[in-house]
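The block underneath contains the structure these notes are about, expressed in structure tokens.
Letters A, B, C, D and E mark the chains as written, and numbering starts fresh at 1 in each.
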Amino acid sequence: MNGLLLTTQQALQLLLYGDAELWSIVLLSFSVSLKAILLTTPFGLLLAFGLHHGNFPGIRFILAFFNSLLSVPTVVVGLFLYVLLTRQGPFGDLKLLFTQSAMVIGQMILCFPVLVALGYAAIQAADRRVWETSRTLGAPTWYTILTIFYEVRFGLLAAVLTGFGRVISEVGISMMVGGNIMGYTRNITTAIALETSKGEFAQGIALGLVLLSLSFLLTAFLSYIQSKKGVIT
Amino acid sequence: MSGPLFVFHGIEKTFAEDEILRKVDLSLYPAKCILLTGKNGSGKTTLLKIIAGLEKPEKAEIEISGKLHCWKKVMPIIRKEIIYLHQQAFLFSGTVESNVAYGLRFTSLTREQRRESLKKALERSGLTDLAKQQANTLSGGVQQRVAFTRAWILKPKVLLLDEPVSNMDQESREKACLLIQRMKSAGMSIVITSHVPQYFDGLADVQFDLVNGKLLQ
Amino acid sequence: RLATTTSTENSGLLKVLIPYFEKQTGNVVHILSFGTGQALRMGQEGNVDVVLVHAPKDEMRFVDAGYGLNRRSLMFNDFVIVGPANDPANILGENNAVRSLQKIARGKHLFVSRGDDSGTHKKELYLWNKANWEPEQLWYREVGQGMGRVLQMANELRAYTITDRGTWLVMRSKLSLKLLAEGDAELYNPYSIIAVNPARYPSINYLGAMSLIAWLTSVEGQNRIRNFRLEGQPLFIPTAIKN
Amino acid sequence: MNGLLLTTQQALQLLLYGDAELWSIVLLSFSVSLKAILLTTPFGLLLAFGLHHGNFPGIRFILAFFNSLLSVPTVVVGLFLYVLLTRQGPFGDLKLLFTQSAMVIGQMILCFPVLVALGYAAIQAADRRVWETSRTLGAPTWYTILTIFYEVRFGLLAAVLTGFGRVISEVGISMMVGGNIMGYTRNITTAIALETSKGEFAQGIALGLVLLSLSFLLTAFLSYIQSKKGVIT
Amino acid sequence: MSGPLFVFHGIEKTFAEDEILRKVDLSLYPAKCILLTGKNGSGKTTLLKIIAGLEKPEKAEIEISGKLHCWKKVMPIIRKEIIYLHQQAFLFSGTVESNVAYGLRFTSLTREQRRESLKKALERSGLTDLAKQQANTLSGGVQQRVAFTRAWILKPKVLLLDEPVSNMDQESREKACLLIQRMKSAGMSIVITSHVPQYFDGLADVQFDLVNGKLLQ
């Protein structure tokens, strides 16, 4: 029991005395992952909407495909992107490897299927009359889509938060195409991986707690905003 | 009497081998009110939804100022003139006010005019006191009144009302009939379905009965 | 950009050395730490400018294939065999690595292998080969992880393992394992630094790579390596300058 | 471009000539993760239901908490469990460390918040009349709950599939408390991590593709079953 | 005349400072039918839901065989005897048949009896042909008929019907009234809300008007 208590105590101390280096790592994590999720959300949700309202055959398979993409380990996405971005790869000339941009791209690939699969699940739960009522009252298509999104906003928020959780907690892509370069592409998860490989479990758990608390603040804030804008349940 | 706004020709609709509508023709004249009756499941709702562009017919043509058009082609253009009111009212989440104002933002009215129009509409429907209430807490009849108000406030050329008063109390029903009368005089073409034709006795210019996929006068 | 093995990075050596280099030459070094195979692959594909690894055979192949230039041996440390404090295989004080392994195998005592093709793993396989012993899954656990994790697993499982001295010194305080056998010439662990061939990848920062190699193999660089202390113990013996 | 083609080709060849060792690794992955998700699903969904129907204050915070748990890196869960299961830890006597059971436990912890957060999102979308109608027709509570679950089955399936995706693709827990011991606790993701550290990217991607195709089959099968049982949209 | 089944005393209900029900008393007698009228939003639905145990009142007591009980305590027991039919019918996803049969599995009937009962009910409601149709493709009036059938098939002691015929055609309406009449004779206590009291003229034994949170005869 002592070991656990000690480790937790150490972790909490590290949290409180968080130095500049720690916070730069944290900022990098959030800036990369927020960029990734914000850039992907519109496309993911629009595709989800298109899949539902297009109603074409084979849709079940496309959905199953996106759902199974959720099972792809992050490091495989990282490897795949690495093969594309490596110097002699097709996009080697862009010199994106081991940059934050590469991390953002990788994380966008990672959260896209989440947004499509869970966005679809949310949208299909909407009453058909939302679409009909909005259209018949003269709303243009884009406004109708926004109306539907607003009606199922709780489900969509869950989709976005799940996507965000997936990218902020991933380590495979950040490691493969970010490279865990200190002060440049090191984020919370690659830092945790490093500490873990050194056997510094206290640091690892501490960084995990930092991530958890900041995510909690973000999530609580979002759900507060949402509650301000309308009744949910 | 002026010519018809839209004439629908040969509407056909089949659900799972069930021919619901068999070559239905319907002319919509301005300032006229059609009353549509028929048994449960006869296809009244389906017909109105096709006219409103919300349901795809197997076949249908639309005549506008003497010219025939394919349903599919012309619907995106004329659907703006046609509003369908659902049999089971659907309100967006939000307040009564925001629901009634929903369609106004797509009109060419200025902000000031919209506010004015909203205020007048709420008054006429007796909803002013409820303006700020959340729509999902309303009683069944009030929901129907809100949906009705949300539709007529837009003054479309054609208004399709699917059982508009089924849950309203007598007072609201009479108010609604008065409003429909006024809209008719203003030149709107109105179609009403109802299982209680007596309500609209003075209003309807013509009554059709939908039987076996055909309209009978 | 320098790709290195995780164990070098974890020992903290580079964190001490690189700032001096950066201050003196104005170059900025990005350190990427991977497994040995992955580090060499990064070099092979031109994604880093210079690699620092410890797997002589692979290094030779890397240079022979024309991926690398200027392979310079930089320093060495050594491997040690560690195991549970009660030492059931009784190898304490043994200075012949092969004989130690034979004792472990004969008693079927648990042994944790890195199993990841790293320099350490290759050395271990070479020793098993010399010991004429084919390890069996019953007592030989191939775990495919980094050195630090392997030490922890050995600690949990009360098993023997081979580790480089650097990682051992870093981890020692957290483990109940004991250093049991050391000092065999077979346990020698040489590190080399190799520049990536700029002829293959014009974008390589060859000058920067060479200046890093030059600095690390200079008198100052070598002295700093010699003076690097971990837990009060010297860790690496510089080898670039023969004296 | 050559590099990419070559790597892909190699990966596909490995797929076709998959040997016994490869398949034992694959089986281990699926058996551990399926156990984890199947054991967790009832509890996760029941808690989600309880949160929605309990309707007590502070629910928003509990939900935000579960949502932010989605941001916890898998390795942190692994570390946490490691600290508990290590010899000198509180549960050291159970000797669970580096066993498949430990992996199952870790993955159960991992998918629990997914099931709660997404299960809640699905359940809150259900019409209030489902509950009322079921109760008034005399259904006992458990049957009413099943009825609600059935009405929102599409959303719940999405929740379960997302949870499954999260556990089958995770590597941090399997590595920390499984240990990647060959023939014993090595699963697809830890094998991928190993191949990657060796620089054998083709093998890594190949294993990723194996995982993807099997998950696709599983997902397609589930959605096929679902479509047999009733209309969805 | 036998004594009342349940007597509800002093039902109070407030929504957002709006006193919807102020000490409403209501006695439910076997083989009696109460007709409940009132303006939109007067609280009819709320009252029925409280009686059915689906909505919590601020205050209410229930008298059973002369003894007073607290609403909260006795509701879980008596709710089994009371069925509420929603104003806007809700059908579970699945076929008409599965919807009608929903409540039967919680009765003590044998499998054979249940099948028999289901078959007879579908016949009486004229739903036999639609038995295998998916409930969500039904027309508004048919949905209402299915929900109505699903409720009366269970033969509860108390049946609360909230606008049960608002979307039915005349024929179905008359059939429904006939069924209600038969249930009454069989000893059920029935409460109906409606905005068209004429429909139930011959049926209702007493009519209450809900005004300002009070029941007026």
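Here is the rule we go by: contacts are C-beta pairs under 8 Å (C-beta built on N, C-alpha and C of every residue); 3 or more make two chains touch, one makes a residue touch a chain.
Here the structure is a predicted model, which means the values were calculated and not measured.
J.: How many steps does it take, at the fewest, to get from subunit C to subunit E if each step moves to a chain that touches the one before?
T.: Each step joins two touching chains, and the minimum needed here is 2.
J.: When you check each chain against subunit B and subunit E, which touch both of them?
T.: Expected: no chain.
J.: State the pair of chains with the top count of C-beta pairs in contact.
T.: Here the largest contact count links A-D.
J.: Can you work out the whole-Å distance between the CA centroids of subunit A and subunit E?
T.: 49
J.: Can you compute the centre-to-centre distance for subunit D and subunit E, using the mean CA position of each chain? Integer Å is fine.
T.: 44
J.: Report the inter-centroid distance (CA atoms only) between subunit A and subunit D in whole Å.
T.: Roughly 17 Å, centre to centre.
J.: I'd like the Å distance between the centres of subunit A and subunit C, where a centre is the mean of that chain's Cα atoms.
T.: Chain centres of subunit A and subunit C, defined by C-alpha means, are spaced 36 Å apart.
J.: Touching two or more other chains, which residues of subunit E qualify?
T.: In subunit E, the residues touching two or more other chains are 88.
J.: Which positions in subunit D touch two or more other chains at once?
T.: Each of 3, 86, 193, 196, 201 in subunit D touches at least two other chains.
J.: Where does subunit C touch two or more other chains at once, residue-wise?
T.: 45, 146, 149 - these are the residues of subunit C that touch more than one other chain.
J.: Among the chains present, which pairs are found to touch?
T.: Chain pairs that touch: A-B, A-C, A-D, B-E, C-D, D-E.
J.: Please output the residues of subunit E touching subunit B within their complex, sorted ascending.
T.: 15, 38-42, 45, 87-88, 137-142, 145, 162-163, 166-173, 195-196
J.: Under the stated contact criterion, what part of subunit C meets subunit A in this complex?
T.: Listed in rising order, the residues are 1, 6, 9-10, 30-33, 45-47, 146, 148-149, 151-152, 170-171, 174, 201, 203.
J.: What residues of subunit E sit close enough to touch subunit D in their complex?
T.: Going by the criterion above, the answer is residues 49, 52-54, 79-80, 82-84, 86, 88, 90, 92-94, 102-103, 106-107, 134, 136, 150-151, 154.
J.: Over in the complex, which subunit A residues touch subunit B? Could you list them?
T.: The contact residues of subunit A facing subunit B are 127, 129-130, 132-140, 143, 147, 150-151, 230-231.
J.: In their shared complex, at which residues does subunit D touch subunit A?
T.: 1-4, 7, 52, 55, 60-61, 63-65, 67-76, 79-80, 82-84, 86, 88-90, 114, 117-118, 120-122, 124-125, 152, 154-155, 157-159, 161-162, 164-166, 168-172, 176, 188-189, 192-193, 196, 201, 204-205, 207-208, 211-212, 215-216, 218-220, 223-224, 227, 232-233
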